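Below: the structure, in structure tokens.
Note that the chains are named A, B, C, D, E and F in the order they appear, and that numbering of residues resets to 1 at the start of each chain.
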Amino acid sequence: MKRLDLIFSERELDEMLSCLEDAQVAGYTVMKHVTGRGPERVVSEDTEFTGLGANAHVIVFCEQEVLDRLKNHVQAILSYYGGIAYVSEASPL
Amino acid sequence: MDSSLILQNVLTPPVLFFFLGTFAVLVRSDLEIPAPLPKLFSLYLLLAIGFKGGLGLQESGIGGQTFTTVGAAIIMSLLIPIICFIILRLKFDVFNSAAIAAAYGSISAVTFITAESFLENQGIHFDGFMVAALALMESPAIIVGLVLVKLASPKDRTRSKKMRWRTILHESMLNGSVFLLLGSLIIGFLTAAHNPSGVAKMQPFTGKLFYGAECFFLLDMGIVAAQRLPSLKKAGNFLIGFAILIPLFNALVGVLVARILLLGPGNALLFVVLCASASYLAVPAAMRMTVPEAKSSYYISTTLGLTFPFNIIFGIPLYMGLVNAVIPSTT
Amino acid sequence: MDSSLILQNVLTPPVLFFFLGTFAVLVRSDLEIPAPLPKLFSLYLLLAIGFKGGLGLQESGIGGQTFTTVGAAIIMSLLIPIICFIILRLKFDVFNSAAIAAAYGSISAVTFITAESFLENQGIHFDGFMVAALALMESPAIIVGLVLVKLASPKDRTRSKKMRWRTILHESMLNGSVFLLLGSLIIGFLTAAHNPSGVAKMQPFTGKLFYGAECFFLLDMGIVAAQRLPSLKKAGNFLIGFAILIPLFNALVGVLVARILLLGPGNALLFVVLCASASYLAVPAAMRMTVPEAKSSYYISTTLGLTFPFNIIFGIPLYMGLVNAVIPSTT
Amino acid sequence: MKRLDLIFSERELDEMLSCLEDAQVAGYTVMKHVTGRGPERVVSEDTEFTGLGANAHVIVFCEQEVLDRLKNHVQAILSYYGGIAYVSEASPL
Amino acid sequence: MDSSLILQNVLTPPVLFFFLGTFAVLVRSDLEIPAPLPKLFSLYLLLAIGFKGGLGLQESGIGGQTFTTVGAAIIMSLLIPIICFIILRLKFDVFNSAAIAAAYGSISAVTFITAESFLENQGIHFDGFMVAALALMESPAIIVGLVLVKLASPKDRTRSKKMRWRTILHESMLNGSVFLLLGSLIIGFLTAAHNPSGVAKMQPFTGKLFYGAECFFLLDMGIVAAQRLPSLKKAGNFLIGFAILIPLFNALVGVLVARILLLGPGNALLFVVLCASASYLAVPAAMRMTVPEAKSSYYISTTLGLTFPFNIIFGIPLYMGLVNAVIPSTT
Amino acid sequence: MKRLDLIFSERELDEMLSCLEDAQVAGYTVMKHVTGRGPERVVSEDTEFTGLGANAHVIVFCEQEVLDRLKNHVQAILSYYGGIAYVSEASPL
């Protein structure tokens, strides 16, 4: 199985989650209040203060075929607003 | 006279706590107010400002002066972004210019309440309907900003980034801060009309506690503003100059409009402060969603790191001096 | 008369803020009160309710009426879940029926304080010992729910899921909310007896601030309740009907018991509200741990998304009308 | 070495941690206030509000033999209350 | 007489809420106050203590007694760690000894405010400059601790771990808690001098709310302290004895110094409490950074799990008895 | 590409981030308020209370060569103050 890590602005969380639902993932996990720095933007706790929101970190464990289904849509969201997506191997305990 | 006003302004707890926060960052103290505690204070302040404004609005009535003042405020929040946009286009692309312009057309609630505290300190009267002006100046500025992007943006803007009107209206009217402020205003208005005992029971929370909570919040604003300073350098001299001079310019325009509207000195100062202040809450959030091409560090660093501190330290007493010079004292 | 009571109830700040929160969700505003801020308000409210109840209990004394009323309340919290269970079994399995039944046997502290505010607004007296009733109605309902599961659950329930009595007692008595409420009640009681100056010094925190904090909390409850609405549809019509009709039925039983107990109109309303309200705090937490087979969305969506809003908007004034009709006015 | 990711309700955190201790893990890391959706349940921030608690995300870096020791117990907890466990490869920096 | 003082102390809301928190842990209730809410209360308390201390300092003036008392307090915070270090070296290495010693030389703000509440309860006067003593006792103790490490640590301490003076001064003077306390003190002082209406407007926040917030905070301290108890067992009997006996010893020294300084009973009690209490805020944070070799569980478990509860339950009334015996009553 | 997981005390966050910047990482993600237990220390929520701060969890997606650049410095920080660093494989979605 695969593990997908998505990190992007909290403000796009709803959009990203409905994108995951469209691809019929079995589940997902969300961590909010995450900060960080990317190639362009810095997301610090005070961007949360200004209502911009911090980042969200979403983890999805799924099969490769689910990844294939969601790939384009996720990439579109990330290329518009920024954020990253990485895949690694994982297997159930 | 102005310098004594500045001193009187600086030696109040809210401004002193703002300095304390700034100082903590400068000397690298590890003082921090962890998220989401600042959110608690900002929600509280918006709720309390709105509620008190609603009571004031009930008191002063929705009569002629309320309408003309609020109307003039809305017009200011439509005009200022256009002027700013033209100036900013000298140096920046459409996206950044529009986003920064929208921020300066909009308002800063904390600058407004600092000005209210200043007036209370000086024993100068002001009216509740000014809060209605505050609440109604965020959305138009956002709309102008987004319309400017829509009109002026290059033809080849990625298809997905083309804004629909629904998005523009949603982002401008339903932003959490604007919504809470307006909602609390209406609740205050209704409560004052129908439930006087409810007003009395809210008073310890929205009234008495307010000044202290303002201090706490300004402590955090001091920390956040000072953390923004380094990224200001990157923004360049043009933007630094803009962040100081445009508030002064807007204040000048504001005081003239206030004179035409025949506002008393208290309301006039608040009107000027609304014109001169810039948003770091609703506008950045709306721009982040709809104009991701604009660099958020530009519009946040200038409004939060420079314009906000300038206004609450020097601006308010300066604008008071201006009001005293231009507005014939009615007392 | 009832409709004017409803209007009077609706036009109070707590209920208006509840509407504001609901409305924010309906129009998709991004207003949110991030975790753990709601927890702050819920801890504060429990502490303050308990403390004030302790003072009241000290005042009214632990005499005859205290005992009979609290006793009757406990009995209600034992009987109601059994009735609910029987009804729910028509449609649901043992686990879900028992969990939902336990929630309706238990109480909602926020509904209770909204009823208290309503009474204060109407200038109707009530006694501190009613808080003791509030505090003592959570645990029995949980116990009945778990006993029902133990007795009625299929023989082949996974071994690991078989509950031990210790777990049942622990979950029912030592839930954080129940514990804080009861503890604060005892502290209030002791302080009132031994340290009157301590009572006075607590007053700004537990007394004066209460109404405003209640508003803030109800704003959040509005958001949360509205977010629950979509999952209500999934729950089906039977459950939706149950969530509205059972409170009415329980209120009817409650007002008759109140009449038998010779309670005054204020205490009677609170008694009825205790019977009619359902728990979304202690009970769900206990059920999650001990009856994981039950769908938490069932017992949370109904209590939070339907029964709670119904009670604070229509229920309280309706029950007041009922009380006025059934209980002979003593004033 | 292995990396074990456990995601489950905060209310079972104590039980899970003592299960890890029993298997003598060298350490673990806990993130609370995590939300998500699984095959059956949705854990949103308001379930935290109701005292149900949100999810916890626990990470354990350990050898395969530790995984062997804790596997059964962890699976028992997860199958009772819900939650997931995934393993991936990791090596010390 | 002492036992009645203990009872009077125990039956106040702050101490009762402390017990409630402890009890919650002992019976394994799931009551918790999630992070960062405790931080909110600790920031609030530091801000309010500092501000009120500043007002008091303005009132009592920066005259002779202020100087001698604060000076003596600083000297105590330099001497106590050295004595503690010598004792601790019997059992522990340089790093642990120095870290624990620094904690006991420093102070606990919550113990201090519990003592203030106790005095108010007894109607005994005390001065605002004692808060200045409180604020100025953290840094010297940290410096002594770090100097002891620098001098006594083995020659082969890893190069990277060698401390520079800058680090020592930074960690001791600019810790967030110390900084906020001192800053608020200065703000209170300035406000009292230049802006009396500002003082009045702060009063509901820093004054009236204080007692209730203290209770809430002590509820959390009770939970945290009780959670520390298990790790105390691991610390061993020597450390457990130390955590109870050293406060008593420091109290004895403190009361003698207070007598020499001719302090009144109120100030004397606070002086003794400063000597007898130990830090669990600024010192651990500084030690964690500069002496990572020391086990944080040692210096936190003793100060938080044992010395703190001992002081607020038995210590304060005991020290009051001591003060009454040694200090000639001036009233 | 690689995924680097760093878990250590929040108080060293600034030092660690500037170490990452020195190695010219393209970005990083920070989660604060993380608790846990290591071979020696327990970091619970109350150590946060005492101002010690909880742990931070930092994730870096980068190439092996970046890891080579930051390895020594990171290890120095971790060996001084405690904390862990693990590397696993990851690839962009």
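Just so it is clear, a contact is a pair of C-beta atoms (placed from the backbone, for glycine too) under 8 Å apart; a residue touches a chain by one contact, two chains touch by 3 or more.
Bear in mind the structure is a predicted one, so any value in this text is a computation, not a measurement.
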| item | value |
| --- | --- |
| Smallest number of contact steps required from chain D to reach chain F | 1 |
| Chain whose Cα centroid lies at the greatest distance from that of chain E | A |
| Most distant chain from chain F, judged by the mean position of its C-alpha atoms | C |
| Chain centre separation in whole Å, for chain B relative to chain A (CA means) | 33 |
| Interchain centroid distance [CA atoms averaged], chain A/chain E, Å | 45 |
| Inter-centroid spacing, chain E versus chain B (mean Cα positions, whole Å) | 41 |
| Numbers and ranges of chain A residues touching at least 2 other chains | 11, 31-33, 88-89 |
| Junction residues of chain B - those touching two or more other chains | 30, 34-36, 39-40, 175-176, 204, 208-209, 285 |
| Residues of chain F defined as touching chain A within the complex | 1, 3, 26-33, 59, 61, 88-93 |
| Interfacial residue positions of chain A with respect to chain F in the complex | 4-5, 7, 31, 33-39, 55, 57, 67, 71, 74-75, 84-89 |
| Of chain E, residues touching chain C in the complex | 8, 11-13, 16-17, 20, 23-24, 27-37, 40, 117, 120-121, 204, 208-209, 211-213, 215-216, 219 |
| In the complex, chain B residues that touch chain C | 35-36, 39-40, 43-44, 47, 51, 170, 174-176, 179-180, 183-184, 187, 190-191, 194-195, 197-198, 201-202, 204-206, 208-209, 285 |
| Residue numbers on chain D that touch chain C, as the complex places them | 9, 11, 33, 40-42, 44-54, 76, 80-82 |
